[in-house]
């Protein structure tokens, strides 16, 4: 009964999405050509609300089916099991293709609803158009779901118990990383809709940039968090201590992130200087387009990946049609309307805008590079060429060299003024930073003599970025120059977006440093251990005490006890496990990690030795600085959230007056 | 200048080998650490064909283990790194290499990023050149003197204390 | 000047076409690197004897191939899809008179013999590849795989995965007929 109600709710949502996608757009068009819109524009808000309500009902219904372990529903039987702990019954709702699509459209509807509710100060036709585009996209996805991926399909006869959720997914980090990713991917749809609406209206101005930024920033924060969570999970769960594998689906999340970051920064130039309009609109279209392409790659089977959902070419065809309609349509509209978006403030190459534009170029080139590497095997195969595989060596060789100049410029940019910057002046404040970076390079060279040169370069770059960011912050407060009371006053009056930028840029520096240490300075020891054996790793002494069997809620495990000593004193007890899950008979490895600021001690239990010696394969790693990656990611998200809370970004009534003035001024001086 | 760029880039490429241990068993580890190091490097460049996106160094699969042992055997027999790779690609094709070889089919791949960057830089240069032309042709709004109405509006804006 | 705005749409069109073609391709199957090359040099012993019995299958080497069209089939008792393709192999051997050589990969002798006894033995000769090395020489990455070898001892085709009915009539029979007796 619940399943049928859920299915019906989705159908109703689809109808409402069609309404939302048609009437407001038609109404706005009539309004634009001077005819009365017959109240059609007014349908946008209620339709958005109704769509959200029904999709939410469907989502709740699906969750209820999973929690109640109703195995007469196909997706529940395929992805959950009566022994599954409650929290994973819930996360199983989005742990498969159909359920994750419900989550996708739920978030799409939620964003649409937010625009309907909080965007009351947007011009009526603009809002109607943006909601209309959202409605069309939603209708497309709902149609896709109803036709090919119905989550409420029944399984007859119902099995007594389900298959299991993939044990790798039975983990808090991984269970909850998809929702964040989806908020990111789907959140970019707002910028997309706003871009399409602006192209339809034929006008992009500073006000538009101001409206786009909060939504894009929210999506960006969620996407950053989602990617970081996925990376963190891979690090502690996959038993190798790696955190990024240039897997096609990972790349599919990195590309929208890069484009989204470029968009955020480009929108600043539109807002402040009314320039780079057509470029920013293009970025807004591309960010969501890459989210869609990612969806296609994961669900269609054209690429092999650890992440891919069960593939079905029929689904692939449908999503491709959706892709062509949405992306193709929007890019054609762009080609037609963007040439009219001219004008804007001029600026010198060396200026705040100039550095933002340069980094935009580098980020976009990086995104294009990752896209090229990810799609190349498919492209070559499609034209009848040989089968090649593009792995981490390619991406490391091409992506990293693009990031290096970007980091260098990022440090200098905030020191330059708008329109025309004084490079020499900026550098006069940066000499101290340069010195510090050189000191760091020297320290690295001293402590890790014989290590890779790349580590030296990368850490020096991270130091350069970090200290430059802090120096710029200090500069703004007048620290060490003005009396500290003045600095405090300035700190109080400093807009939150400035704090946000400082945090986010500093966070990135930490991520770079952490990633460098974790990948290039890793120490590892593999051996066959008997109880009592000790291994020295990363300055610790790790002693195997023994291995015993333990039982979990739905698994059986071999658990090892390791005593960890440092300088003779016992520091901690680490207990890695090798689990076998009852239902799927799938083994997983749970590493035991001791985290400190300087690095992680990471211990993994391998297989028992084949002879009866009672020995076990054990692996120990020391991964320096890896925790800086997670802290840095959190700082970036925090910076983004702080920026989001900046009052200047909140679209409230006073803004409308200013926005109107800006656009009036524009009209008169055009 | 170009020489430095080449050296810098090659250092980046060569030095970017990540050290992941993965699935190597203690019984596979060679007693000669230099050979073992080479074996690890080579293994990290070979794709496990029965897995989804793992190297033979990381994978638990049977084929991966066999290939790891094979790589070590070839190294102990005195093969160079290239010869070991060739041994494997002779049997499995170029697909098994994670770093695509530079052949006619992959020219677009390897030169693509550089080409994209150059195109972007070119577009950027043209953007600035166009703007400068606009400026010298007197197109910059801010360079024109304000009209009377604009001056009055400016006054009222400043009086209302709007921040830029 | 206006044409540059069409560039994103044009690039996307190319990518979409590639995606469309990609949907028709099978990203999982690899072409063999040994097509049109002579078979690798190898020698395989028969399946080992159990207790005081005799070895089984006769063993074979690269010398046995060439001189006539033959199939080389990599199989094992622990391989489930091998069970699925077995009827087709029996049909090929019995009804169509095709010579099939079997490479028994990483199998226990008693398991292999029991499996063949139970399901039938279509093979002209069987070699036991206990350490998987000969399979690697053939570029085998999964089980089952079947190779078509021509009369000059060259590998002409590789079929990855079980041979289904349609593969039998579709590709394999026509190929063996084409390449002569």
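Points worth noting:
Letters are used for the chains, namely A, B and C, taken in the order the chains are written, and counting of residues starts over at 1 for each.
To be clear about the criterion, a residue touches a chain if its C-beta (ideal position, glycine included) is under 8 Å from a C-beta of that chain, and two chains touch if they have at least 3 such contacts.
All values derive from a computational prediction rather than experimental measurement.
At the far end from chain A, in terms of centres built from Cα atoms, lies C.
Comparing chain pairs A-B and B-C, the larger number of C-beta contacts belongs to A-B. Centre to centre, using the average C-alpha position, chain A and chain C are separated by 43 Å.
A separation of 20 Å divides the Cα centre of chain A from that of chain B.
Centre-to-centre spacing of chain B and chain C amounts to 37 Å, using the average Cα coordinate of each chain. For chain A, the set of residues touching two or more other chains reads 304, 386-387. Counting only residues that touch two or more partner chains, chain C has 30-31. Looking at chain B, one finds that residues 93, 95 touch two or more other chains. In the complex of the two chains, the chain C residues touching chain A come out as 1-2, 5-6, 8-9, 12-13, 15-25, 27-28, 30-31. Across the complex, chain B meets chain A through its residues 9, 11-13, 15-22, 24-27, 29, 45, 47, 52-55, 58, 93-101, 105-106, 108-110, 112-113, 116-117, 120-121, 124, 127-128, 131, 134-135, 140-142, 149-150, 153, 157, 162, 164.
By the touch criterion given at the top, residues 278, 282, 285-286, 289, 293, 296, 300-304, 313, 316-317, 320, 323-324, 327-328, 331-332, 334-335, 338-339, 375, 377-379, 381-382, 386-387 of chain A touch chain C in their complex. Here chain A touches chain B in the complex through residues 239-242, 245, 247-248, 272, 304-306, 308, 343, 345-347, 349, 357-358, 361-362, 364-365, 368-369, 372-373, 376, 380, 385-394, 396-398, 400-402, 452-455, 457, 519-520, 522, 524, 526-528, 606-607, 617, 619, 621, 658, 661, 665, 668-669, going by the rule given at the top. The part of chain B that touches chain C in the complex is made up of residues 49-50, 62-63, 66-67, 70, 89-93, 95.
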